[in-house]
Amino acid sequence: MNTALYEDELLFLAHSVTLEQEAAERLYELADTLEVHNNRPLHALFLELAQLSERHASDVLAHCQGRQLPALQAWEYSWPDAESPESFQYSQVHYLMSAEQALQVALEVEQNTLGFYSDVARRTTQPSLRQLAEGFAREEAEHVKAVQARLQALQCPALNNLDLDPPHSPE
Amino acid sequence: MRNLTIAMTGSGGTGVVALGEMLLRAAAGAGYYGILRKTFGPQIRGGESAAVVRLGPRPLASFCGEIDLLLVLDWSHFQRFADEIPLSASTLIIEDVAAGARPQQLASELLAREQGVQVLDFSGLAQAQGSAHSNIALLGYVAAWLGCDGEPLQSAIDHRLHKQGAEVVALAHSVARAGAELLQQAPINLQPPDAGAAAESPWLATGNQLAGLGALEAGIRFVAAYPITPASDALEWMAGRIESLGGRLVQAEDELAAVNMAIGAGFGGVPAMTATSGPGLALMSEAMGLAVASETPLLVLDVMRGGPSTGIPTKSEQSDFNLAVYGLHGDAPHVVVAALSLADCHYSVAWATQLASERQTLVLVLSDQFLGQSMQVLPPLPSLPFHAELSRASLPPPAGADYFRYLDTDSGISPMALPGQPGGEYTADGLEHSQSAVPSARAQDHEQQLAKRQRKLQSLAASTQWGEVSALPQARILILCWGSLFPVALEAQQRLQERGTPVTVVGVRLLAPLPLESLLRSMQDMAQVLLVEQNHQAQFAHYLQSQLTQAQRAGLPELTCYSRPGPRLFTPQEIMQQVEGLPRA
Amino acid sequence: MRNLTIAMTGSGGTGVVALGEMLLRAAAGAGYYGILRKTFGPQIRGGESAAVVRLGPRPLASFCGEIDLLLVLDWSHFQRFADEIPLSASTLIIEDVAAGARPQQLASELLAREQGVQVLDFSGLAQAQGSAHSNIALLGYVAAWLGCDGEPLQSAIDHRLHKQGAEVVALAHSVARAGAELLQQAPINLQPPDAGAAAESPWLATGNQLAGLGALEAGIRFVAAYPITPASDALEWMAGRIESLGGRLVQAEDELAAVNMAIGAGFGGVPAMTATSGPGLALMSEAMGLAVASETPLLVLDVMRGGPSTGIPTKSEQSDFNLAVYGLHGDAPHVVVAALSLADCHYSVAWATQLASERQTLVLVLSDQFLGQSMQVLPPLPSLPFHAELSRASLPPPAGADYFRYLDTDSGISPMALPGQPGGEYTADGLEHSQSAVPSARAQDHEQQLAKRQRKLQSLAASTQWGEVSALPQARILILCWGSLFPVALEAQQRLQERGTPVTVVGVRLLAPLPLESLLRSMQDMAQVLLVEQNHQAQFAHYLQSQLTQAQRAGLPELTCYSRPGPRLFTPQEIMQQVEGLPRA
Amino acid sequence: MLKAKQYKSGVKPIWCPGCGHYSVLNAITKAFAALEQSPEQAVLVSGIGCSSRLPAYLNSYGFHGVHGRALPLATGLKVARPDLNVIALGGDGDGFSIGGNHFLHACRRNVDLVYVVMDNEVYGMTKGQASPTTPEHWQHSKLTPHGPEVRPFQPCALALAAGAGFIARGHSGDPNGLAQMLFAAVKHPGFAFVQVLSQCVTFCPEQVQWKEQVHAESVGTDNPAEAAHFLHSDDGFAKGIFYCNPRTPWPLPHDSQATDLREGFRL
Amino acid sequence: MLKAKQYKSGVKPIWCPGCGHYSVLNAITKAFAALEQSPEQAVLVSGIGCSSRLPAYLNSYGFHGVHGRALPLATGLKVARPDLNVIALGGDGDGFSIGGNHFLHACRRNVDLVYVVMDNEVYGMTKGQASPTTPEHWQHSKLTPHGPEVRPFQPCALALAAGAGFIARGHSGDPNGLAQMLFAAVKHPGFAFVQVLSQCVTFCPEQVQWKEQVHAESVGTDNPAEAAHFLHSDDGFAKGIFYCNPRTPWPLPHDSQATDLREGFRL
């Protein structure tokens, strides 16, 4: 991981903006996907999560007002993993996914993000950057709680949901 | 004799396809005959899907336009099936509470109907038992109404779920039971179809499987495969069985390889085939010509789908006729056979297997997505007298004597030596050749071989297998069709008779060489001939015209052609409408 | 108006083919028109070979059955050409002393003829000058007889040999002179053909070259090539020229690649083609369907040879008709054009080039080995009004507006955007699609697009280019033909008229969609129609029948079909014989 | 300048949720954003398969051709229209089974194209039969119940032997790295081959484990013998640009004067 | 026991005098003699080309198929009739251009066949166009007047990358050496590929020089990485068995009990 991120506030902000925007984009995309695959509850859930992410993104953007963020190519970001921590990995999605499974992944994602912000806050030597990162981390901790709350609120016991329908061959 | 058609819709994942299959199996267990058709959206999984099951006391080989009962697990994108599940004012609709919003356009129509929509809580029933499978609850409910919710239903569930373990099966049984019990509180306001006395252990099979059975039983011992919808499952069915017969299936790198592999095996004396659909058949054209010129037995099964090009891969159409009959370069006579029903996939393919070996040439069998992928309950099929074994007559003389691989015999069939036979050595060739298999560009050799290759097929036109005739004595109207439209036409015939219009139906099995005399005989005393087929250009109709002399044609009754493309299923109703629209003679 | 046919035979190394070419060129220089055909044994080099040159005062586009003069450098395997060089009692034969033994069977016949065999020492003449080229001596001798042994002969020799250096050329000139001088001592007992006033700088060309010219002049700027006899030389001719026009030729790895490359270029808006023969055409079938479904302009030239399979690659036949017209899977209407003469290779290909772009589809041009590889002296061809440039009408609307690539227009032709145009972005597809180019399996979209693709071709049937009619006012017999048989039929017409039997000849250029109205009009007042074609199965004749309604057919005169395969050249004589054998109406 | 997501068309993918191909789609849009690609100047050309459905999901031009023929289609287009950015793509079945010959010859011919193969070691679209890259003993297809029992195809080693000048392997789990690779591939003059491990969750759910198996390699060399050595000992999960050795793309320019086409016909 | 010449049929070759293919024919008869091959148990399968005319010149069974498809034809035959000795053969155009895909997949599939390619770097039969192995700057074809301008195909390197277990190169100028190679190739279990430099005197007269250029190499190894290294630095004129690494040929035997085909249809 590129350590410049720990010292450069603008670079950090660029990361934060992208992280939240990509999260929103990905969640919208998943919502679309599940809509195409007729998983209506999950379509709705992902839409909701996407809207939430979009709000986070505009919150972060608010911090950048008037500042010229560096323009980075997709691969110039320094994420701890291959993708930004807010990104749902495609391979974690299934067409018969339950709300519980989706929220579990969402939780993991929020926790990763929290980890990302906390890590920057811990490592930076710049006080203003630390303050910023700690602020983001606090907000993120709220998200984590929110997702946890939603998970708990899920009343439904896990149902046996074997996939009975065979895949089909369109071409 | 009451038949009934039940449609089920939902999205993939709601198990509507599984529902259809289990329902058909359970019904079969209780003495029903029936047929099942599945339909999907473009997604590989989880797309909107539908199953249509038709049940009745006699074997059913076709569908009809009327839906009697519609079971809805999920309304999403129901509109996409509008063509395939046409609702009428009398369609009874039962929906699950969780089925979601009714399609806007439909909603108002539904409310205005005489029959309302019955909403029941199948998902609740399932959930109460810890299961997400509202389809199983629904299955129990409908099975109870059909009277097959006892052992037949249980074994249908077992058959489908036994690989998932005892717990899953037990849960399903109990959800189904809950569904069945619901019938008492919420009876279905429709009389169930009549059940018959189904045959001793009836069969459940798709046309593709039966094609595979016909091939293996008639002696196919080599299959070259390249997957393509809707032919793959015929290949897959054989893949699991051919080795136990001492044969082999090779998955080829493409269709060019597949067809050439089959030719190689055929040259070696091992009855061989490949199966494909339109795009693959097009790729095989060049090598099919090689089979013709080199006189190598070759069986190709074409399970037709919507064309042209990639077209509509999952829907049925009869539009590869032209390619199958005419699609080789040069003068390349060969045999084309069309399967006339699901059961006839067995018969046609078995016959074709024998023909390929017997006539040492390319035999193409046309099936289609409807035949190939629909599933039918049918009486056990008889064993057939067809076998690919080369007759002794076609062996070469003993070593030493002169052997002419391409000898110009009266029958047109020449003795075919097989590698390993001493004295029979020759080089098979796609170049024009003399009788002794040496390449030749001479007019005399060319004309001799062209004529020989045509002659050896001509006698086929008189074979009793040329087609099926369902004649009614007073009929003055003939419905002429080929392939999968035959059962549809038969049903139209029956209904027309009920309305007082007797018609005769002819289904042509042998498309090339065309059994012209038989056809002329069947048209002879008719006032009208209606030709039906499922493609845009009326391909068979034009072919038929092309084969008639001016005099023959002049002697014929008026020939009307009703031809339209897929993907809409052909129904008896539309044929009846055509018959009723014919100018009175 | 005397034409004369001179045949030359020898083995590969005796230079008999070069002799034929130089003779034609020299004769052309002296005001003769003529046509040359070469024939080879199966060897690549040194095999027996023959050249046939026909000369006369007017453009000659066909051969006839009679050989007036046979020049023999080598008798080896003469029998192999028996079909192509039929001798008659009046054939004058001149042989070189070193020609070897006369073929046994022939020898006795020759001795019994009225005309003897004149033996001359051409090899001696050549050897006397230190040359092995008896053919050049023979060339001088015949040229002198034709009266073209001056400048025309010299420049023909120069044209042929200049790359070999001045010494070789000089020696050839002097050997030729010696040959010419021999004529004084040994005159040819035959009157030379009439020379005419040939056009100002006549052309010498093969049909393949003229096809290439038509393509490039009409705007083809991309060629994908895979070599195959007899199409390769069309490709080779273009290869040397297309770059100077800013275009490109790619040698592909196979025909599948070739046709797809051409489709790719056509999608990019660059007029594109490929050329092949039967086996290659068969391989292209699948992708040709893609051009139809995706509505991409594509021109495919099929130079037909003997079939089926590898068949007789070096001989002419019209047996790819079925494959060309019917050989695609699904309902795939497309255009098929046949070149009616060598010169018409230019016209037909140029027209086809325009059609492909204009109708956004596959246009197949049928030529054959006879047209493609014969060499003709002909008047310079006019520039043609055909060009592939897309008309403005087919451009998409400006960015922002809704753009439907597959819009269902009245004409059936939809606006075609080209990559690079903003606002026109779409994905071309072989899957069935909606007007907006999105894949669709709905019946309504399928029917709409099928109908649109057919409709956009229908108006073509009325185009003035549909065919050529050579009518005689009192004719009551029609000779109907297509492709390379047209010039043969024209010659039959002329000879029949001389014998007092006026006939009308129609050559069909547009095979699909079939110009039925024009055809019916031409048959209207006839008592008899004779259809001639060069294949075994009477492919066009059957097609024609298939397109006629019962009523149309009933109204027609009797239709007789004379159809036979290659490799024998079709002659005016055999057509005349057929006409004379027609039952008198 | 467009953002990545602005390169998408409105058409919603039919891919199964979880399919690796989504991520390839995103990587392409990211590479396009970085390239400042104008949509109308790019053409995506594909064959048939789940992966080959991709072109419709971008707002560039596209051609969804027939099975196995993406490369010749793309070759014809690029040679005829050198001004366009032409990207061929498809699946392992499309590219290595039926399309294998075109793959070899495209590597040799070196036209300035990018070829992306979304390799899921299976025929997704036709319900999970073995493809050339399927492991020898994978027994989940009814067509080959004992497994293909044939050695898997080595796309990168073959590309090298066939003469490709740019050879890379990416993973759908790393769309940013993949975007970077695609960026480099587009910039590379001549034919550039990118194999992408892109899981099929429906027929090979085991492939979600790939993210644990891939490992980045920085072998990038321009020496064919070295690259051959590496690729012949590769475990199939190395990720990176393995070989990059640019040469002038085909077609080479030639001097050619205007010719009178009719000249040669005159006597 | 038959002598070499007793394996010839009476049909006289149409090849040009001086053509390298004569010598390949002789080498085959010599190998047959050494193998004590009974003629009726051998089948020679070819495509189209001068080289592909060979089967008719032997008194074994033969199949002169269509262009480029010798290998699938041979594969079908051998799988169906494992008792036969099946030898596929043809030219460089037939095998590497139109037949390239089958070549790759035959190498992978490892059916017990021998495949002999008579490589003259040209399409002889169709009058001398460039083939995949034609040198980049060979300008003697009218179809490619500037030369193919494409790197020649490396048959042995590709065979290796594709998974062939026996890879050798011979020269028509050395029919005895070639006979020995063919003998070894027939004995090798699984797919064996033999490239033969076989001059076309008509369209590439320069190839008569090959006899000065070939040099014997005794690299024979069973290590793919080593072989790859060698073949990627090869000048194309090395002669010898480069790689030999037998594995069990396809199809592998399976236990399979007799099945009642009709069983599964009963309810």
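Residue numbering begins at 1 within each chain, and the chains themselves are lettered A, B, C, D and E in the order written.
Heads up, the rule we're going with is that a residue touches a chain if its C-beta (ideal position, glycine included) is under 8 Å from a C-beta of that chain, and two chains touch if they have at least 3 such contacts.
If you're wondering where the values come from, they're calculated on a predicted model, not measured in any experiment.
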| item | value |
| --- | --- |
| Common touching chains of subunit D and subunit B | A, C, E |
| Path length in the contact graph (subunit A to subunit C, fewest steps) | 2 |
| Interface numbering overlap (same over half, different under half) for subunit B and subunit C | same |
| Maximum centroid distance from subunit C, chain identifier (CA atoms) | A |
| Separation of subunit D from subunit E, taking each centre as the mean of its C-alpha atoms, in whole Å | 30 |
| Distance between chain centroids, defined by C-alpha means - subunit C, subunit E (Å) | 37 |
| Euclidean distance of C-alpha centroids - subunit B vs subunit C, Å | 44 |
| Intercentroid distance (Cα basis), subunit E paired with subunit B, Å | 42 |
| Subunit E, residues touching no fewer than two other chains | 64, 66, 68, 97-98, 100-101, 104-105, 132, 251, 254 |
| Contacts with 2+ other chains: residues of subunit C | 42, 253-254, 256, 279, 286, 289-290, 294, 309-310, 429-431, 439 |
| Multi-chain contact sites of subunit A, meaning residues that touch two or more partners | 36-37, 39, 95, 166-171 |
| All chain pairs that touch each other | A-B, A-D, B-C, B-D, B-E, C-D, C-E, D-E |
| In the complex, subunit E residues that touch subunit C | 14-17, 48, 50, 64, 66-68, 97-98, 100, 123-127, 129-130, 132, 141-145, 148, 202 |
| Partner subunit C, residues of subunit D touching it in the complex | 9, 11, 38-41, 43-45, 55-56, 59-66, 68-69, 71-81, 83-84, 101-102, 104-105, 251, 254, 256-259, 261-262, 264-267 |
| Interface residues, subunit D side, partner subunit E - complex | 97-101, 104-105, 108-110, 132, 146, 149-151, 153-154, 157-158, 160-163, 224-225, 228-229, 231-233, 250-252, 254 |
| Touch list for subunit C against partner subunit E, complex | 41-47, 225-229, 232, 235-237, 239-240, 249, 251, 253-255, 279, 309-310 |
| Complex contact set, residues of subunit B against subunit E | 25, 28-29, 155, 201-205, 209, 213, 216-217, 221-222, 224, 241, 243-245, 248, 250, 252-254, 256-258, 260-270, 272, 286-287, 289-290, 294, 380-381, 417, 419-431, 438-439 |
